[in-house]
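Notes for the one structure printed next.
In this document, chain identifiers A, B and C correspond to the written order of the chains, with residue numbering beginning at 1 in each.
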Amino acid sequence: MLKGKSLVNIDDVATDDIFEIFKLASEYKKKVSKGEVLSELNGKIMATLFFEPSTRTRLSFESAMHRLGGSVITVSEAKSSSASKGETIADTIRMASSYSDIVVMRHPMEGAARLASEFSSVPVLNGGDGSGQHPTQTILDLFTIWEKFGRIEGLNVSLVGDLKYGRTVHSLIKALSRFENAINLISPEILQMPEHVLSGIKNQQNIRKISNLEDVLNRSDVFYVTRIQKERFVDMNDYAKVIGSYSFDLATVSRMKESAIIMHPLPRVDEINPEVDSDKRALYFTQASNGVFVRMAIISMILGVR
Amino acid sequence: MLKGKSLVNIDDVATDDIFEIFKLASEYKKKVSKGEVLSELNGKIMATLFFEPSTRTRLSFESAMHRLGGSVITVSEAKSSSASKGETIADTIRMASSYSDIVVMRHPMEGAARLASEFSSVPVLNGGDGSGQHPTQTILDLFTIWEKFGRIEGLNVSLVGDLKYGRTVHSLIKALSRFENAINLISPEILQMPEHVLSGIKNQQNIRKISNLEDVLNRSDVFYVTRIQKERFVDMNDYAKVIGSYSFDLATVSRMKESAIIMHPLPRVDEINPEVDSDKRALYFTQASNGVFVRMAIISMILGVR
Amino acid sequence: MLKGKSLVNIDDVATDDIFEIFKLASEYKKKVSKGEVLSELNGKIMATLFFEPSTRTRLSFESAMHRLGGSVITVSEAKSSSASKGETIADTIRMASSYSDIVVMRHPMEGAARLASEFSSVPVLNGGDGSGQHPTQTILDLFTIWEKFGRIEGLNVSLVGDLKYGRTVHSLIKALSRFENAINLISPEILQMPEHVLSGIKNQQNIRKISNLEDVLNRSDVFYVTRIQKERFVDMNDYAKVIGSYSFDLATVSRMKESAIIMHPLPRVDEINPEVDSDKRALYFTQASNGVFVRMAIISMILGVR
């Protein structure tokens, strides 16, 4: 039951609720693609409160709200607003929540969403809080896998690239580990999955560090690739080497299983060559558009219309 | 009759209209809290044109418009827009008004709203013009008092803090002085109510300068506290002293009447300790949320649907 | 047939479609002025993606979408968004188009809109791409002439001011030259219509360079005046001289035909004296407001509801 609740951390979402979201997201996806006009959130208002810019996340939430017939009020640069007059997060969220029925908040500081949910008079959706959580991203990642394979267990999943700073893979590995999945970690030495993430995971025996992408290329069902940020490297030669060995092109893809899928939270830079885009295994654009349907499901369940 | 008119200055609003607004705001408050979907402004468009940022005011107006079923187009940083190409306020407002049915304008320059209303083809709502007016704020302040006491006369009202730069108290004292109210002015020496404001008020005999908050603490019905801006002080020691004697904590509040209320236009910084928030006399968050209902009433009366 | 198509370049729009747009824009203008509530785009979403600010264009498109009952998601400063993380236009437009039913894009780079239309999954409307095209502006210019004269041929049209950098006049002269119109070019030496624009025009014999505005003042039906940007001039004395001879005041206007019209894409600075505004020949504000109705027509034809 998500009704009336805030969504701060993927760990708080029961497995049953995740599957409930999948079903409803599927239903919405069908309806939207048929051009059906939905009106279940007529009269409802979402406030999107972004203390750091994230156009992709903001637009996806706003699109979801509009698709359901709701309205949106937006602060895309919350930093330059009341906060700059010395207002606390508590007071800012009280304001936003008194003008709306649901608040989406993005904040550079880990824990900000939890704090906000304690002072808000309406449910808060965490749209990413620093190195913390981004639960709707995790659910849309899982949905994309589920939609393709019909399940989110019994799969061989490779997480590739920046596993150290990539917030999405931290949540995803925890969520996938609720089920029986073989998980491969493939990253440059300096960008490995942090111990504090790994130590919180049960079913450790299913997780393996792989030094060479080639070793799992023809075995994995899912390749979840993350953006490797240039600014993490002091030496640009190191960056060039890393990008060389962790990027996907058609040659790489041709050695994968026919049924495999490639995912990426986007934006991508050099990790996936655009020549891959037209391969049927390239699922990252579908994944992004799934975000709208998954968020529609979450919003309508929380607002209690479904 | 507000129909078709601009709202630039609280002094232009007849007392009858103020009570009309109260009644309609009350009605909307009940309807929204019951989750009723209103559609009286379907098809209507509000343009919010903010030449200086004011997230709180903007979101409150936009929320009001959406609650009534209307749409919103927004320029949250009008400074960086056409104005920067040398366009006059007159031409900018002509543009905005030709795209909408009602315009909300915020501008750093006193008199800007009056000017705009002369060139606009649709009604203009003044969302604050420099040290000038912010009439919807005044009406929501009055509404909050009226909702609590059932009247806006025969009350003992203390205005506390920065009475010099605090635009809201300038309008509020004028509005309260239309009726028989005892008004106490309590501020540090350097932040006193300006003479030009006082001289414009009738019923001067009801206004008293009070040097010590303690003197009225157990007698006032309304404490209207304003933000004391650090940047007004050259010497931070002065600021510390002032904040010390003009801030509210639970000890202060415990000496008030049970029926008293504490108001604040928000954002607050150090003037009211968060420990006060849960006291039933703390009405500033209610006051903020009332802004939406009061603005709903004003918009629908001006657009002639009510 | 505009249904399902992108609108990148005015040259791609068939003459029949232009007249179709005129008729529908006229119909919408009547309906909106009567206060009719339209709902043909309920459930549809427009994404406005502005890589450079253009408040006027953005608000006009957004107003059009709202008047039709649709919703809008906005990136008013796309530069500071994903693009800054190194994302290509192709990927950014894929994102925006996966969240919406139609995308309006403004970009400082010529050709950006064409590129975007190739990667978008929904129709793209070019809201201006650098020194390139701004087709909806051209259509609203033509519509304003058509509405006034009942035709867009057999007219004497003077293009006045900055004909070198003024993108709107480049498209307008091409569009007007599809029909038999006498076209006068009146500009300072350094701001003449570029050869590359002229060479692409058929019916060259109908185009004449005029050195003196006075020569056509009592003969032209349409004066299309453009903004002369101070920053184009090295020497401010040159600017002053130019503005002196190319600006319109009441004395200028009094020598025009009674039936003539003055147009301007706005914002204007010193080219047209505000004293002209109340003359019935001043049509630039009507022209601006026509933008909404023309865009309503274009959007609904492209989205296939009309």
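The rule we apply is simple: contacts are C-beta pairs under 8 Å (C-beta built on N, C-alpha and C of every residue); 3 or more make two chains touch, one makes a residue touch a chain.
Predicted model only: the values in this text are computed from it and were never measured.
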| item | value |
| --- | --- |
| Same vs different contact residues, subunit A with subunit B, by half of numbers used | different |
| Size of the rotation, in steps of 5 degrees, that lays the CA trace of subunit A over subunit C | 120 |
| Length of the line joining the C-alpha centres of subunit A and subunit B, rounded to whole Å | 40 |
| Touching two or more other chains - residue numbers and ranges from subunit B | 74 |
| Subunit C partner contacts - residues on subunit A that touch it in the complex | 35-39, 53, 55-56, 59-60, 62-63, 66-67, 69, 72, 74, 227, 266-269, 274, 285, 288-289, 292 |
| In the complex, subunit A residues that touch subunit B | 42-43, 45, 47, 71, 73-75, 78, 80-82, 85-88, 90-92, 94-96, 98-100 |
